[in-house]
Amino acid sequence: MSANRGGVIGGTLKLGLFAAIAAAIVAGGWRLTDERIAANTHAARLAQFESVLGATAFDTLDYDAPTVVEPPHRLPGDAPARIYEAFNGGARVARVFEVQAAGYGGPISLLVGIDAALVVTGVRVVSHTETPGLGTNIERERSDWITSFDGRGLGDDDGSVWALKRDGGAFDAFTGATITPRAVVEAVHETLVYAQSMEAAP
Amino acid sequence: MDIVSAIAVLAGIALVAGLALTLAARTLQRDADDVVERINAELPQTQCAQCGFPGCRPYAEAIAQGDVDINRCPPGGDATIAALARLLDRDIIALDASLPPPAPPGVAIIDEERCIGCARCLPACPVDAIVGAHQFMHTVVEDLCTGCELCIAPCPVDCLEMVATDDNAERAA
Amino acid sequence: MRFEPALSPYLRPETGVGAVMREVSLALLPAAVIYFFFFGFGILFNIALCIAACVGFEALALKLRGLPVATTLSDCSAILTGVLLAFALPTYLPVWVTITACGAAVLLAKHVYGGIGFNPFNPAMLGYAFVLIAFPVAMSSWLPPAIGDLDYVRPSVLERLTYLFTGGWPAGLELDAITRATPLDLVRTAARDQLMLEELRSASPMFGDFGGRGWEWIGNFIALGGGWLLYRGIIRWHIPVAVLAGMLIPATLDSVITGGASGGPGFHLFSGATLLGAFFIATDPVSAATSPRGRLIYGFGIGFIAWVIRKWGGYPDGIAFAVLLMNAAVPLIDHFTAPRILGRER
Amino acid sequence: MTSAPTENLHRLPGGLRLPGFKAQSATGEIREVPIPGTLILPVRQHAGSAAQPIVAVGDRVMRGQPIARAEGDFSASVHASSSGTVVAIESRAIPAREVSEAVCIIIETDGADTPWDGLAPITNPLAATPDALLEAIGKAGIVGLGGAAFPTLAKLRHAVDAGVDTLILNGVECEPYISCDDALMRNQAVEILFGTRIMLTALGLRQCAIGIESDKPEAWAAFTEAASIEGDDRVQLVAIPTVYPSGGEDQLVYLLTGREVPSGGFPSDVGALVHNVGTAAAVADLALTGTPLISRIVTVTGEGIANPGNYRVRLGIPIADVAACAGGYTEHAKRLIMGGPMTGVALTDDALPVTKACNCLIATGPAVRTSFEPERPCIRCGECARICPVRLQPQQLLRAHRYGAGDTLDGLGLIDCIECGCCDLVCPSHIPLTQSFRDAKLARRIDVYERERAERARERFERRQEREQARADAQAAETERLKQGANPNAIAEILARKRGTPGGDED
Amino acid sequence: MREWLLILIGTVLVNNFVLTRFLGLCPFFGATRRLDTAMGLSVATAFVLTLASAASYLAEVYLLAPLGLTYLRTLTFILIIASLVQFAELMIRSMSPLLEQMLGIYLPLITTNCAVLGVALLNIQTAESFFESVWYGFGAAAGFGLVTVLFAALRERIETPEVPVALRGSAIALITAGIMSIAFLGFAGLGQT
Amino acid sequence: MNTIWRDGLWHNNPGIVQLLGLCPLLAVTNTAVNALGLAVATLFVLTASNTIVSITRRALQPEIRIPAYVLVIAALVTATELAFHAYAPTLHARLGIFLPLIVTNCAIVARAEAFASRQPVGRAFADGLAHGLGFGWVLVVVGALRELVGHGTLFRDLGTLIPGAGNEGITLVDGGVLIALLPPGAFFALAAVLVARNVIASRQGQANPELAREQS
């Protein structure tokens, strides 16, 4: 701590110099990787949407500019819901809904893909806080359960299939956990109903 | 272009920060005396210099400076290390292996028959516990002696000897 | 004449750790009988298994640590830990889960800290929480009580034994068909669906006069055992009273404010592990605060946290977590609640 | 004399109801122990410094004759308890907890028990000046007979200086087995009251409470009866609940007045002075007959004694003789305890003499212990803290002591522990708590002592360093000066200095 | 009001910075040998964390984002934080040398403590306004302080010679922290329904 | 030179002796591959920063040393992060903020480097390498332990680190005990490694440096 007065300026300048060099290195690095990262991000996002859109072919998806539906809305969850539209050759072929189910341990974020025929093309969990080992079977990596929605529509009747088997519906529950699957089933069902109303409205 | 703005932003922040810090460092000098006192209070005050410093306080200063470990005082032994560790929130470590192990507390006594009154032991004693004049028999004031053994070596006729102190329990009572 | 040396005081205590632990274990006997009556042999099996496992682990730990096995075992604390675990775990639970719980209780909670007296956390509760996290499925499978009008398939003794040892029910017996959400689960779900408690109560045969059917009776007998311990001076009133206050006061307020949409005090008192917790678990002296004032804070904290977890948390019952959390706070509580020494300002 | 209603008492925290074990000795009768051939009189039978022998081997001494003089303010003289010849003055084992050896004056008795002619009753003690009374009490070697044997004179003097307003007589006798105060109160209530009035005179006080445990109706009756003879409206009888240790000095003060004796202080700090009833009786005895403190009442009891009872024992009589007088030992006699079973000292030899501090001798088997569990780690049950009459937390003290946080012991109140033993009795882990605290106190004293020594060494070292620094500076200056001698300007400088004008100041 | 409370509960109990997010563990283990040190550290951390949240939020929103320099985030934040903390360190040094001695190498550790940079980085993902960011930082610090102080008191109790030799020291401290984190798992899902 | 290696890998290991860098050690060790990824990143940053610090130490006065070094380290970390983002995007997402947080824990080591050892460049480089490897092996061991107990596998998802490698890993047991993957499991796993360290050290006749504590 014995540097003289000149040290104040000198030190400051040196620090500035270090900062400049550091900034230059990083900015250079950024230049080199920028595009690849952007491509990665794009690919990851696309993969997610592709997984919920299943076999539905599409060429454009407005994932940067979804329609945001602020609560209160008739979609599941209290948070703003997002609706993305997929087009193929200019025609809208499907919608992807980002909604929330009320799980056991908190909200479960879901992507629900629904095609123009009001058939579920796929469902994926984006994030959740369910109990590991109990509620976590909704993850695609852990079980196939989430694919049991694929290809289902509202059905002819009043929608009684949209419940767990033990409640008289068509979906399995997990051992020791009914709340989580029930919540997901209900959320997908509500989304489907909403999609139907959207189709009907315009 | 973004490289330039990156450099500008970061260098700008760095300049401000650097200026503030150097100035602060200059104005806010620390005052370490308090620490030295509290460290010194934990040392046994035997003043034996085994720690490599000419007494307890110099050792305390060195600790406060961060120059040495806290495990260099044999008379204090593990208890002192523990006390210092607690004071400074450091790990308790074993006594430095290069130092002699702690000896039982003792005091020096002078064999009065043999003492030739050379007075060489007088300046050696860090606490002036030896009384006597040149050419006269010397004696150690037992209550003042810290048992540092510094007086043993200077005596030309080996008339000083360490004896273990009697039960400190009784002395305390 | 010569006499033997000795140190005062020459009168010696009447009680001993072993005697105390045995008495606390015995105080749970009536509750165990009632439990057996409503839920079948599972509780007796669990008690036996837990005691054996806890004592076994304790002996193992003592041996590894090179301590006298027999003298230390005679403190009987491992037996008590086993009994309490048996009461806390689901009635029918695969044996390896039970044994893991005992291992966590005796080894992880107790012996890593030096054995009896040194554990900052309640061994039984750590054992419980450990397996709750490690085996959530098994730990949330409760068989309902054996009361006539409950509509479910009652597995035979053999089937239950098979489950205990293999973890699987025979084909055809789906877990969904035989296990039931406990009343606490139901109340949680109901609160989510904004159901009134009264509606729920009349809708589900699981509810009795206050808490769950069967459960409330076990609760009564646990309280009886607790009363005995109080009478014998083995536990003091501070912790049980504070635990109950910590849970029932907010529960009452909540029930009044929500107009009955949440579990009221009666329900909370007789559900889950409230009474067991208040009289037998929170009172574990080793892991509790020591001063009367500290114990009031400690107990109230347990009751309150347990209520918060029941109401807003992810787990249906919060006693175990509340106990562990307050265990963690005990040293701090002790630090700040030392009684004022006679003749001193502070 | 009045008696105060019990509900006015303050509630003591903690405390224990103990089994009395008093019936065997508390017959109300006081028997005499015959004079043995040899008396062993330690010069240190009290708390404080030892007295100085003033007789020589071969001297003939009479009953009541001073044989050792008090040394300093905290000391008490010793008197021959019977007539005979001094045959030895030597260091011997004495019955005490800490210092276990002291100079003893050994007297070969002659059986005649001739009184010393210097014994003089105090004429009209209730009208005497406080100074005269205090002097007489000091000369008579009276010490507290409640157990600690603290010189009474010092206590009284201090009480006067501290402006005490209440005298408390301790007739509680809360420890099991002991009944010597009970016997005394039943037989000599008049003397006790007389002694009390003398003390009140000596202190110039207007208030006195006599605390008697509620399980001693006979003693209470004796006092009510004695009131007709020695009644005094300054004196109040108070029934104390039968809870151990209500008889502890600070505890009694709190019970009666609600005042808390401050940590490390004495009752006089809160205006109270506590004396045992036996002390008052000794003062009365002195005033009436001029007899100094040469005997005391000792409870001899326990299942190891054939005829338990209370005995008036001359100081210096070997315990063996006292036991023999009480019918000798039974086969249960494995331990010999001086004092009560809670705070007493276990003696290993009955050749030791009875001293002023000896209020009770218990011969018992180790069977006093009722449970045989081994010591186990503390389970933090908090019973010890619940029971502690000082509101300490023994479990925390124990931890701090055992796991080496010595300096936290002070904050936890180690010095406030009265070593009553209550905590031991309720500990389910059978931890010898009280003994740990005695050890801890000793360790702490040594620690403090060593710190003081270290502090002194530090000061001396630093002074020495300063001195050496000064010497070194002086030397450096000298060298400098000599160097300057070679300086060509030096002469000019000296001249300049002599002229009183500055010069040659280049630097 | 409710949201603010939920943020606090979330950061202090549910996603406790130390026990579930694993941030700031070095000081959590390193500076908890004594209760008073832990308290001092907690206060210092609260100060630094709140300040860091505020500063980094401002830097992100008004500097990096507009200029498209978000890749400089780590660099900028650490620079700001390091300077801030060193400034704080100098202040403490001159005010209480003993505190400085006790905090030892941990004061600079606050600079280079994951929690500080962590809170800044997490804030960018979650906080939606300046005040939310500050509140979030404060909550994180409160969570850190809570468990650190509890842990310090606990450690005084568990460091006995009765602990088996192979476990003494850091191992038993880690186990204790593990058990605390089991206890904190009890708060999982709190405030989300 | 030998002591540098022995220190970094064992005697003064940042992970199990100095107990530094605990956050990543506990946070990203739920699988061996995650741990390995972070180990690689840390190793690179540590070695590079040590070297740079050693080169520039004379040029800076004490007050600004730390900010300056932190800058250097942060730049290196950002570069590493960019590289991960570009070439191992999944792993980048999994490691989350613990990748940028390498800054903090390397800064500690570098600080010690700058103030205590004042070494020439060559030694500083070796030192960084040794400590990086030392920290790395602890990461991987803890990660492997947790993955093994939690999933029953080893090195699953290796493809996220090494493009082209399979994601199945080695399955040793079917299924696992969930708690190993949760926060408590992290603490217990590291504790287990420390116990192993203590046992090994005592076998070799070295004292557990922490054991002297109780002699007070």
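Lettered A, B, C, D, E and F in written order, each chain numbered from 1.
We take it that contacts are C-beta pairs under 8 Å (C-beta built on N, C-alpha and C of every residue); 3 or more make two chains touch, one makes a residue touch a chain.
This structure is a prediction, so every number in the text was calculated from the model and none was measured.
Where each step is a move between two chains that touch, what is the least number of such steps from chain A to chain B?
Counted as steps through touching chains, the separation is 1.
Considering B-D alongside E-F, which chain pair is linked by more C-beta pairs in contact?
If we tally the C-beta pairs in contact for E-F and B-D, the bigger total goes to E-F.
Among the chains, which has its CA centre at the largest distance from chain A's?
Farthest by centroid: D.
Roughly how far is chain A from chain F, going centre to centre by Cα mean, in whole Å?
33
Quick one: report the Å distance separating chain B from chain F, using the average Cα coordinate of each chain.
Result: the chain centres lie 38 Å from each other.
Taking each chain's centre as its mean C-alpha position, how far apart are chain D and chain F in Å?
Taking the average C-alpha coordinate of chain D and of chain F, the gap between them is 65 Å.
Cα centroid separation between chain B and chain E, in whole Å?
The computed centroid separation for chain B versus chain E comes out at 37 Å.
Where in chain E do residues touch at least two different other chains?
Answer for chain E, listing residues that touch two or more other chains: 71-72, 75, 79, 82-83, 86, 160-162, 167, 172, 175, 179, 182, 184-185, 188-189, 192-193.
Would you mind listing the residues of chain F that make contact with two or more other chains?
61, 63-64, 67, 71, 74-75, 78, 82, 178, 182, 184, 209-210, 213-214, 216 - these are the residues of chain F that touch more than one other chain.
Multi-chain contacts only, two chains or more: what residues does chain A have there?
As it turns out, chain A has residues touching two or more other chains at 1, 3, 7, 11-12, 14-15, 18-19, 22-23, 26-27, 30, 102, 104-106, 129, 131-133.
Tell me, which parts of chain B touch chain A in their complex?
That would be residues 2-3, 6-7, 9-15, 17-19, 22-23, 25-26, 29 of chain B.
Taking the complex as given, what residues does chain F use to touch chain B?
Its residues touching chain B are 61, 63-64, 67, 71, 207, 209-210, 212-216.
Using the touch definition from the top, list the residues of chain C that touch chain E in their complex.
Counting only chain C, the residues touching chain E are 64-65, 108-109, 111-115, 118, 120-121, 126, 129-130, 133, 191-192, 305, 308-309, 312-315, 318, 320-322, 324-325, 327-332, 335.
Write out the stretch or stretches of chain C touching chain D in their complex.
Counting only chain C, the residues touching chain D are 1-20, 71-72, 74-75, 114-118, 236, 285-286, 288, 290-292, 295, 334, 338-344.
State the interface residues of chain C toward chain F in the complex, per the touch definition above.
130, 133-136
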